[in-house]
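Two complexes are shown next, each including chain A; its partner changes from chain B in the first to chain C in the second.
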Partner chain A sequence: MRRFLSRKLITYLIAFVIGVTVDWGIPRLIPGDPVQAYLSQFSLQPAGYDALYKTMSEAFGTNGSAWDQYMHYWQSILTWNMGVSIGNFPARVTTLVGQALPYTLALLIPAIVLSYILGNRLGAAAARRKGLDNSVLPLGYVFQAMPYPWLALIIPYLLAVVWHVFPLSGGYSNSLLPTWSWTFIGSLLTHWFLPFLTVFLVSLGGWAIGMRNLVIYELENDSSRYLRALGARERVIRRYAYRNASLPQLSGLALQLGVVVGGNIVTEIAFQYPGLGKLLYTAIGNKDYFLLQGIFIFIIIGVLIANFIIDLVFISIDPRTRLSMQGAPA
Partner chain B sequence: MSLTVENLSVAYRSRRGDITAVDNVSFRLADGEIMGLAGESGSGKSTIGNALIYMDPRMKLAGGKALLDGKELPLADNDAMRKLRMTEVSLVPQYAMSALPPTRRIGKIITDLLRSHGIKDRDEVLSELLRRLELIGLKDEILRRYAFELSGGMRQRVTIIMSSLLNPSLLIADEVTSALDVSTQRAVGEMLIEFRDRGYIKSAIAITHDLSILAQIADSITIMYAGRLAEKASTAAITEAPLHPYTQALIASLPEVGVRHEDTTLTGIPGRPPSLVNPPSGCRFRERCPFAFDKCTETPPFAEIRPGHQVACWKVSQEHGGGTRVTVPAGAIADGASTEGTGE
Partner chain C sequence: MPTRKMTGRWRPAKLAAMTAAGLLTLATAAACSSSGTSSSGGSSPAATGASSAPAGGAITSFPRNETLYTSGTLYGAPSTWNPYNLGNYTTGAQGLIYEPLFLYDPSKGDLKPWLAESGTWDAANKVYTIKVRDNVKWSNGQPLTGADVAWSINSASTNAANPYNSNAAGAQAAASGNTVTVTFKSTPNYAAWDSYLWKAPVVSQAEFSKVPATQIATFADTKPVGTGPMTLLTYNATETAYQVKPDWWGSSAMGLNFKFKYLVDVVNGSNNVELGALTSGQVDWSNNFLPNINQLINGIGGYGFKTYYPNAPYMMPANTAWLEFNNTKAPFNNVNFRKAMAYAIDPQHIVNNVYGGLVQAANPTGLLPNLSKYIDQGVVSQYGFKYDPAKAKSFLAQSGYKGQQITLQVPNGWTDWMAAINTLAQDLKAVGINVQTVTPEYPQRTTNLTTGNYDMAIDNNANLDSTPWTYFQRVYNLPIQSQQTAQLNWERTNSPADWALVQRAGATPTSDTASLKATYGQLEKDFLQQLPMIPVWYNAAWFQGSTQHWTNYPSSGTANDAIPSLWRGYIGALTSIYALANLSPAPKAS
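Moving on to the complex of A and B:
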C-alpha cells in the first residue's frame, strides 16, 4: 500500500509539473505582448507609455528571460500568489477564484454525485424490471440526446418565466448583500436549484443507461451463472453484479469529477451563475492572462486531487487494481 | 439408485422454433457411481448437466423427469430448485476459469452462498472447508484471495470444493479437466474419486469429450450422439468392447499408446452430425454408419443388451437379441481398426 501510494504521488507530482509548465508556456506562445496589448487600450504619450510599460512589465514579471519567468512563475504558485487580474484590476487572481469556486463546487458536485447515485440505482432496477426498463430508458435517451443549451432554456422558461417558481439567473438576489443570514441562504438555494436541476437531469440518463447495460451483462456472465447454479439468492447475485458493474461507472465519475473545478461554462453562462466557468469565460473575453493562468492552475490541481481520490476508491472496491498498481502482472 | 432420469427432453427456444437438444433420454446412476458422459460438441451432454441443476431462460423442459434419491427434482421450477442446488445437486461448471466472482474474496463468496441457503452453523461448515482445502493441498489463506490471484488449476480445485461443500447427492462436473494440462487433469480427476470415496458426494456425472480422462476416473461411460444416448456401459466395456458403431468409431479414432502412427493412420469418422433444427427420423447416426440398413429409419430403443450395458442400435439388438443377423460387407468401416466382431 505504501509502495503504491508513493508511486502514485510521484506520478501525480510529474503530472503537476508538466501541467504547470504547459500552463506557463501556452499564453507565451500566443503572439503579442500582453503588457503591450493591455497598454494599447489607453491613448498614452510615448514617454508615459515607456515608463508605464517598464513598470507593468516588472509588475507582471514579463521582463526577464524565459527561464527567469518560469522560475518566477513557480515561485508565485508555491507562495500562492497568482498576481493581479487585468480585467478586474486590481483584484487578486486568488481572490477572484476563491469567490467563484464555492459556487461551482456547490453546483456541480451535488449534481454529479446525486445523478450518479440515483442514475445507477435506476439503471440497475431497470435491468431487471421490464416496465421500468420501458419507461426509464427512453426518458434517459431523450434527456441525454437533448442539446443541453436547449434544456437550459426550456427549464428556466417554464419554471422561472411562466410559473415564477424559481429565479431566472444569478447566484443570489441582486437586492441582497452576501451575509450569513437565512434570507441570503434561502436566496442562494433558490438561485442554485435551476442550474442544478438541468445538470442533474442531463447526466442522470447517461448513468442510468450505462448501468442498465452493464448490469444486464454482469447478470448473464459466468460468475453470475455459477452463483445461480449454486442456489444463491437472486438478491445476492444482483449485489455481486452491481459491484462488478460499478467499476466502469466509477471511472466515468472520476472523469466528471476531475473537470468539476473547471466549472460548467454553458450552465454558468445560461444562468449567469457566478462560478469558475463564468469567470473563465470572462477572462478569455478580457484577454486576462493572469486570471486564465490562475484558473488553469486550479483546474490542474482539482483534476489531480479528484483522480487521486478515485484511485483510492478504486483500490478499495476492485482488488485487481491493487495488484496492477504495484506493478505486478494482473 | 442415486439418480434416475426418465424420458428427459430439453429444448432451446429459438426464433425458428424449439430445438430439441436432449431427446428422450433415460439413464440411472447408482449410489457411488461416477458416470462419464461423452460426446462431441452439440451432442447435448452439457444440456443434460445444466437441465439437472439450472435451466436458464432459453431452456425448456420438453418432457420427462428426474428423480434424485427417490424424490422428483422440480426441474422446471426455478424457485423450488434453488434450495436444492448445492445441497442436493451441484455443478462444477464448464467455465470454471471465469466462474468465481472477481471482486470478492473466495471466503466471502462461500459465506454468501451459505447464507443464501440459510445455513445456521456456518462455523462448522467453514471448519470442514478448511479440512478439505488441506486434503487437496491448498492453504487456507486462499480464502482471503481473489479469483484472479489463483492459477487455473487452483481455480478449478476451488470450484470443486465450493460446489461439493454441502455434500450434494449428485455432482455434475462439466468439462472439469478440459482447460488443464495433463498432470493437473489427473489430479483433478483423482480429486473427484477421493471426494466420492470420502462421501462428500454420493454420485457424479463427469461431462467431457475426452474419453481418456474418463477411462481413468469413471465407473461407467455414457456416449451421446446428436441429442440421444447411444450407449451406456461400464468403463471397461466401453473402452474395450464397445457395441454401438458410433462408440466403436469414436474409440478407434483415439491415439493409442505404443502405436506408431507412421505405420497406422489415425482416422476420424467421416461425415458430420445432423442438424438438430430438423433432425432426420430414425437413428441419427444412420448417415455416417457403415452398418446402416432399412430398419435404421426407425428410432432404435435404448435397450439393455446385457446387464448394465445399454445400446441404441438396431444392428446390435438384432445380433444380441436373437433377431435376423445383418451381414456386414467386409471392410465397410473405413478406419481399419478391429471393430468387427467386438462384443461377441
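Moving on to the complex of A and C:
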C-alpha cells in the first residue's frame, strides 16, 4: 500500500510540475505585451509610462530574467498567492476564484453525481426490461445527442420566458443583497435550478446508455454464464454484472469530477451563472492571461486531486487493483 | 478480503442529503462573497443617515421604486475605486464618489464649476486661482479644504506615475484656506490645464498621501472616501451598489436631488442578455451597444425606450474612429495614395450596414461636433474629401502604387470594428487597392501600433474633449520614438511645422478664441492637405433608457440635455450627474 501510494504521489508531483511549467509559459508565449496594452488606456507620457510599467510588471511577475520569473512563480504558488488579474486589476486571482468556485461546485457536483447515480440505475434497469429499454434508451439518446446550447435555450425559454416559473439568468436576484435570509436562499435556489436541470438531463442520458451497454455485455460474459450454470439466482448474477459494469463508469465520473473546477462554460454563459466557467470566459474575452494562468493552476490541482481520490476508491472497490498492488498478477 | 457491498440501490435520503450539502455550499459562498461590502461608511454620519435601513444599517434588498439599475460599463468583477487607475476603476468611482473641480458640458461647450466655485486666470494669464466650494464634506465627515485640492494638483504635476502628469505639467499649487493659487514654471499649456480641471479627481490628502507615489495609479482603493453624491454600499462579481448620500453638497448648492436611493450597476453579460434585461425591466439605464435598438424606441413594440436623439443618429458622438496607417512606409508615405483612400471610402456603408444608423459619418477634420466652433468651414469645403471613386482612381494612378497587398487590422472580438474593416476593405478594393483584413488579439494589436509594425488600423484614442488641442496633439506629437507608448502619433507623421502649431495652440490662453481659431484653422488645412490619417465615423456614447420604472431621461435639444453616459471618463467629467438627478419615477401603470 505504501509503495503504491508513494509511486502515485511521485507521478502526481511530476504531473504537477509539468502542468505548472506549461501554465507559467502561457502568458509569455502569447505575442503582444499585456502590460503595454493595459497601460495604453492611460495615455501617459514616457516618464509616467516607465514608472507604471515597472510597478505593474512587478505585480504580474513579468520583470527580471526568465529563470527569476519562473522561480518567482513557484514561490507564489507555494505560498498560495496566485497573482493578480489584469482585467480586474488589482484584484487577486484567489479572490476572484474564491467568489466563483462555490457556484460552480454547487451547480456541477450535484448535477454530475445525481445524474451518475440515477443514470446508472436507469441504464441497468433498461438492460433487463424490454419496455424500459424501448422508452428510456431513445430518450437518453435524444438528450445526449441534442446540442447542449439548444437545450440551454429551449428550457429557459419555456420555464423562464413563457411560463415565468424560474428566473432566466444570474446567480441570484439583482434586487437582493447577499445575506443569510430565506428570501436570499430561495433566490439562490430558483436561480440554481435551471442550469442544474440542463446539465443533469444531458449527463443522465450518457450515463444510462453507457450502463445499459456495459450491463448487457457483462450479463453475456463467461463469468455470468458460469454463475448461471452453477445455478445462481438471476439477482445475484445481475449484482455482479452491475459491479463489473460500474468500473468504467466510475473512471468516467472521476474524469468529470476532476474538471469540475474548470466550471461549465456553456451552461454558465447561457444562464449568466457567476461560476468559474463564466470567469474563465470573461478572462479569455479580456485577454486576462494572468487570471487564466491562475484558474489553470486550480484546474491542474483539481484534476490531480480527483484522480488521486478515484485511485484510492478503486483500491477499495476493485479487488484486481488491490491484488496488483500487492504484486500478484492481475 | 470481504468487499463492502457495492449496491446500486437508489437511496433517496442520501441524494437529498447530497443535494442539501451542495446548496448549503452555494448559500454560504454567496453570503461570504458579500464580504466586499464596504465598511467605509459604517461609522460615518453619511451612512447612519440612511433612513430606510433597519437597525445596524443593513438592508437586505433594494426596493424597486428606490433603485436605478444601470449596465454597459463593466465587463469583469469590480475591484478598485482608485480614480487614477484609468484602465480599471469601477464605474462611478469618478463621478459618484470622487469629483473633479469642473464639469464639461459638451452641449454648451463650457465648463461648469463643480468642486471649484470659480477658477480664474490673472490678467497676465500666469496665475490660476481656484476658489474651492464651502461646506463640502468627504464621506468620512472631514471637510474638503484647499489643501486637498492643492495636494491633488501637486501630485499630478510632480508624480510621473500620476496619469494627469502631463495635464498639470509645471503647476505648483498653494492653498490658503479655501483659495488655491496655481503658478506655473513656464508658460502653461492652457488646453491641457483646462482638461485637467474637468477630468482629474480631487482626492483627500489625508487618504492619498499614505499611498506610495509610484503606486498612486495601481493601488486597490476598495474603501473610497469621496465628496460625491454616493457612497459605496456593496459589490460582488455581478454588481456594484451605491447609496445616495442624504447630505451631499450638490443638493443645496446645485439643487440636484436624486429620486432614487440606490444605484446598482450590473456587470455586463452578452448583448442578448442585456437586451432581455432591458425589455423585462431589470435594467433601467443601459450604456451597451445594442444593434437596432432604434427599432424599439419611440413606443414601438410598447417598450418605451429612450435614446439621446429621438431620430437618427440616436446616439451622441463620443469619439472619432479613423483609418490610421504607418506614414513612414510605402505606399502610405505618398500623399496621393492617402488621398486615393480618403475618396474611396464611403462612411455611409459603415453607418448603415455596420451600425444600423446609430452613428454618423465624421467631419473630414475628425473633430467632434461639440468643437464645431473651431472647425473652419471654408477650409473644409475647399480641402475636405468625400466619397468619389473616380477621383480616388485618379489619385491612385499618380501614387506609384503597384497593387501590393496591404493589411488592415482591428483587435479580435471587437465585432463592430471587425465588420467595419470588411466594409472598408470592400470600398478600397473597388478602386483597386488590395487590402487584407487581420484581427490580432488586443495586446498584440497594441504592440503592433506602438512599435509601428503595421500597415493600417482603425483607432479612436482621442476622447471627447473641451478643446481640439488633444486631438491635434494625438495626430502630430513629436518626437517619434521607437515605442510610441503615450498612444500619441501612432501613424508616425513627421511634421515639425504642425507640431509647432499644436504647441502654439496649447500656449494660447483659452480666452483668446480668435488666435485659437486661426491656429486650429491652419492645422485643419494642413491636416486635410496631407491626410496623416482619415477620419471615418463617430463612435457613439451608447445609451438607451427604459421607462418602465424611471422617466425623464435626457434628450438632445431639450432643457434636460445632460450626457447620459456612465463610461469611464464621461461620468464625473461631463454632465451625467445632472441626467441621473433629473430622473423621476415612472407613473404607476393602472
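Rule of thumb we're sticking to: the second predicted complex is superposed on the first by the 322 of 330 C-alpha atoms of A that agree within 3 Å, B and C clash if a C-alpha of one lies under 4 Å from a C-alpha of the other, contacts with A are read in each partner's own complex, and residues count from 1 in each chain.
To be clear about the criterion, contacts are C-beta pairs under 8 Å (C-beta built on N, C-alpha and C of every residue); 3 or more make two chains touch, one makes a residue touch a chain.
Fair warning: this is a prediction, and the values are worked out from it, not measured in the lab.
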Clash or fit, chain B versus chain C on superposed chain A: fit
Following superposition on chain A: angle at chain A, chain B versus chain C, Cα, nearest 10°: 160
Which superposed partner A:A232 touches (first chain B, second chain C, both, neither): first
Which superposed partner A:V266 touches (first chain B, second chain C, both, neither): neither
Partner chain in contact with A:I185 - chain B first, chain C second, else both or neither: second
Which superposed partner A:L132 touches (first chain B, second chain C, both, neither): neither
Broader residue contact with chain A after superposition on the shared chain, chain B or chain C: C
Contacts of A:T55 with chain B and chain C, given as first, second, both or neither: second
Which superposed partner A:Y172 touches (first chain B, second chain C, both, neither): second
Partner chain in contact with A:I315 - chain B first, chain C second, else both or neither: neither
Touched partner set for A:A15, first chain B, second chain C, both or neither: neither
Touched partner set for A:R243, first chain B, second chain C, both or neither: both
Closest Cα approach, chain C to chain B, once both complexes are overlaid on chain A (Å): 5
Shared chain A contacts, counted only where both chain B and chain C touch the same residue: 243, 317, 319
Residues on chain C engaged by chain A in the complex (per definition of touch): 1, 3-4, 6-8, 10, 15, 18-19, 22-23, 25-34, 37, 58-62, 64, 67, 69, 75-80, 85-88, 160-163, 165-166, 214-215, 217-220, 234, 236-239, 241, 264, 266, 269-270, 273, 276, 280, 282, 413, 440-448, 450, 461, 481, 485-488
Chain B contact footprint on chain A (complex, rising order): 221-233, 236, 240, 243-244, 247, 317-320, 323, 330
In the complex, chain A residues that touch chain C: 30-34, 36-56, 59, 85, 87-91, 96, 98-103, 105-107, 109-110, 113-114, 117-118, 120-121, 124, 168-181, 183-185, 188-189, 192, 239, 242-243, 246, 269, 272, 274, 279, 282, 285-288, 316-317, 319, 322
Chain B residues within the chain A interface of the complex: 53-54, 56, 81-87, 90-91, 93, 95, 98-105, 109, 112-113, 115-117, 146, 148-149, 159, 162-163
